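I've put the structures underneath this note.
The following pair of complexes shares a single chain, chain A, combined with chain B in the former and chain C in the latter.
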Partner chain A sequence: MTEIFSAFLLTLLVITAMAVVKSRNLFVAVMLTGIFSLLIAINFFLLDAADVALTEAAVGAGVATVFFLSALALTSEEERSRSAYRTIGIAVFITITIVLGYATLGMPSYGDPEAPVHVHVAPWYMEKTPEYIDIPNVVTAVLGSFRGYDTLGEVFVVFTAGIGVLFILGVRPPSKTRGAAPVASDEAGLRHYLIPKVVVRLFIPFVLLFGLYVQFHGEYSPGGGFQAGAIIAASIILYALLEGEERAMQVIPRRVLNGLIAGGALLYGAVGLAGIVAGGSFLDYSVLGSDPVKGQQMGLLVIEAGVGITVTGVLVSIFHAFAARERV
Partner chain B sequence: MESALDIASWILLSVGGVFVFIGGLGVLRMPDLFTRMHAASITDSMGPPLIIGGIMLQSGASLPTVKLLAILIFLMLTSPTASNALASAALLAEQNIEPGTDEDGDEADREPGT
Partner chain C sequence: MEFLGLYHYLVFPLLLMSGIYAIIAKRNLVKKLIGLSLMQSAVFLLYITMSKVEGGTGPILKPDATDVIYSNPLPEVLILTAIVVGISTAALGLGIIVRIKEEFGSVEEDVIRELGGR
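Moving on, here comes the complex of A and B:
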């Protein structure tokens, strides 16, 4: 039954992808990308990868769609037609299709218990997590502790991406910004936004609360810093969309955002250094607590907070950077 | 008792599925945006309570049921809001109303200010 549902979803996925490519209207394409993300999130969930599904739904379908839309607000809605390089494109496409098709022949079949992914390190993680870290969510244990270096690298990737976007799009000095946001100044239009405004105002605290739950419950249920960062950033972006950029900037000023971006990554690194100071190796949390298991749990909690802080800061900054630009 | 709950949840899920199907059919078949939204609102208003209600009967008195209830409340508040935002945007963008689908065929109905 699950196989049939998976096949159905994957077919929908292919159809959506083709529709994204076919669509000349960029707004439609953005909406379809969101649907694509949702579909693949359901697929991840069917494969029991709840953490990845949550990330995909929060980042791919949620925040990324908002970024695409804010980018779209700066440009035109229709794709410019281009005919050059078409033969090269088709040639590249056919080559990649053949190579990928050939590569799938070497893959283990679906659900094969002897697949390398099931026999390599995964059994060790499953077996040792209760002993070393004693948390139910093995994904968080792998991500934060066994593979702490990788996640530190990921946080720095997010950090670098945020800095890069801010460099390219630039940060407008506060004096130059326009008066009120268009939504707030347009008195005739304001009436039309009344109901969304009231409802969303009601919901923002709950979205924030849910973000914190995903953040600090990540050891027990799907979730963690990346997902929570996206959810918290989404609630702040919602606030900015409703109340206007200025108000959101007053709530969380630019220097606080910069502090969040750097602070989260620093916090993660500092936990690693604290391990060295306490007599262990870099990113070894066992030495941080009274006994190794407590230390691991403590370390995980703090590094997840670091991840969440950086992701929130970067996502909100990128949104502000897009929104501050004038339409070209 | 168990089978009674199962039958009740089965009925709720099937009826919910039927409403979602009708909604989807309407979105495909209706002539313009406003009538399509009208069809889609069936999916919004009848789908979640019935389907989530059916799942809640399956999960029994447990924490997942409370979570499902929270999701239901969230959906019941957000989907009408989304519909409202969509309709307002369509009105502001002066989406055409297909002839013969509005009440009196009056042109003035299309103006956002009235």
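Moving on, here comes the complex of A and C:
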């Protein structure tokens, strides 16, 4: 039964991807990418990757759609020029699909427990996680502790991308529309529409609560800083969409957002340094607690919080950077 | 099960190439960026497909159970972080596109090229 459902989802995925590429209306294309993300998230879940599914649903279907839409509001919704290099494109499509399709015949068969990826280091992680860290969610353990360096790097990539967007959009737009009256703050947002108002106001606290649950329960169930950051950012963006950009800025001012962006990444780094100070090596949490296992759990909790803070800050800042800009 | 595996591996190049087609053939910069994220999703799907173990369950340990098969946590860790990094870099690309629109008045490649004098 699951197989049929899985195959059905994959077929839908391909159809959606083709429709995204084909559609000349970019609004439609962006909405379809949202659907694409949701479908691929369900598929991830069927492939036992609940953590990834949660992230993809929050980021791909939620935040990414908002970013793309706000960029469309600043550019244009229609694709004006016709496609170029059509034949080359189709030729490349067919050739590489055939070559890759042929190459995948040499892949280890699906679900094979003896595949190289399952017999290398993965069993070690599965076996040692209860002993060294003693938390059920191995994904969180690998992410935060065994591969803490990688995650630190990723957090700094997110940090850098956020700073980059703020720099690029920090430039004043060429002033053609200076005379245009700014929208009165009472009229901004969707507050005048009854259904969004009621539904969103009802939703926001629960979304926030769920975000915090995902953040702090990440050691025991699917979740962690990356997912929680995306979910919390989504709830703040939802608030901004309802109440208007300015109100949201009053609730969480620019200064606080900048603090969040830098603070989370620094918190992560500080935990690493604390390890050195306490006599271990960089990002070695074992020395932070009374015994190594407690130290590991402590370190994980703090670095996950750092990750969550940075991701929230970056995503919300990016949203504000796009939303605050006037169309030229 | 075998059929499903082959199907998964076939969907990967189709998605990847849809993305590449958008990058090659479309002149709209936003569309190119959407193509890039399609490619990215295709790679995510391939990784997660490889993490699956037959009859397995998610890699969250159950304290009392002994004979449970768990899927591989490693690809999941890689992709989990890659998704969030992906959206941040896509946003960076969107920021650049918005600036291009403001300077050139268009996000169509051919128009921008003419204005650039090349």
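Methods note: the second predicted complex is superposed on the first by the 285 of 328 C-alpha atoms of A that agree within 3 Å, B and C clash if a C-alpha of one lies under 4 Å from a C-alpha of the other, contacts with A are read in each partner's own complex, and residues count from 1 in each chain.
One rule holds in what follows: a residue touches a chain if its C-beta (ideal position, glycine included) is under 8 Å from a C-beta of that chain, and two chains touch if they have at least 3 such contacts.
Everything numeric in this text was worked out from a predicted model, so none of it was measured.
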Quiz item: Thinking of the overlay built on chain A, is A:Tyr193 touched by chain B (first), by chain C (second), by both, or by neither?
Solution: first
Quiz item: In the superposed arrangement, which partner chain does A:Leu238 touch: chain B (first), chain C (second), both, or neither?
Solution: neither
Quiz prompt | Chain touching more of chain A, residue-wise (chain B, chain C) | solution = C
Exercise. Based on the superposed arrangement, let me know which partner A:Phe203 touches: chain B (first), chain C (second), both, or neither?
Key: first
Quiz item: Looking at the overlay, what does A:Ala122 touch: chain B (first), chain C (second), both, or neither?
Solution: second
Exercise. Could you look at A:Asn43 and tell me whether it touches chain B, chain C, both or neither (first, second, both, neither)?
Key: second
Practice problem: Considering only touches as defined above, state whether A:Phe67 meets chain B (first), chain C (second), both or neither. | Solution: second
Quiz item: So, A:Pro222: does it touch chain B (first), chain C (second), both, or neither?
Solution: second
Self-check item: Doubly contacted chain A residues - partners chain C and chain B
Solution: none
Quiz prompt | Complex contacts: residues of chain A adjacent to chain B | solution = 188-189, 192-193, 195-196, 199-200, 202-203, 206
Self-check item: chain A partner contacts - residues on chain B that touch it in the complex
Solution: 74, 77-78, 81, 84-85, 88-89, 91-92, 112-113
Exercise. Would you pull the chain A residues touching chain C in the complex into a rising list?
Key: 3, 6-7, 10, 13-14, 17-18, 20-21, 26, 29-30, 33, 36-37, 40, 43-44, 47-52, 55-56, 59-60, 63-64, 67-68, 71-72, 74-76, 79-86, 88-90, 92-93, 96-97, 100-101, 104-105, 107-113, 115, 117-118, 121-122, 125-126, 129-130, 136-139, 142-143, 147, 150-151, 154, 157-158, 161-162, 164-165, 168-169, 171, 173-174, 220-222, 224, 226-227, 229-230, 311, 314-315, 318, 321-322, 325, 328
Practice problem: Would you mind writing out the residues of chain C in touch with chain A in their complex? | Solution: 1-22, 24-28, 30-31, 34-35, 37-38, 41, 44-45, 48-63, 69-77, 79-92, 94-99, 101-103, 105-111
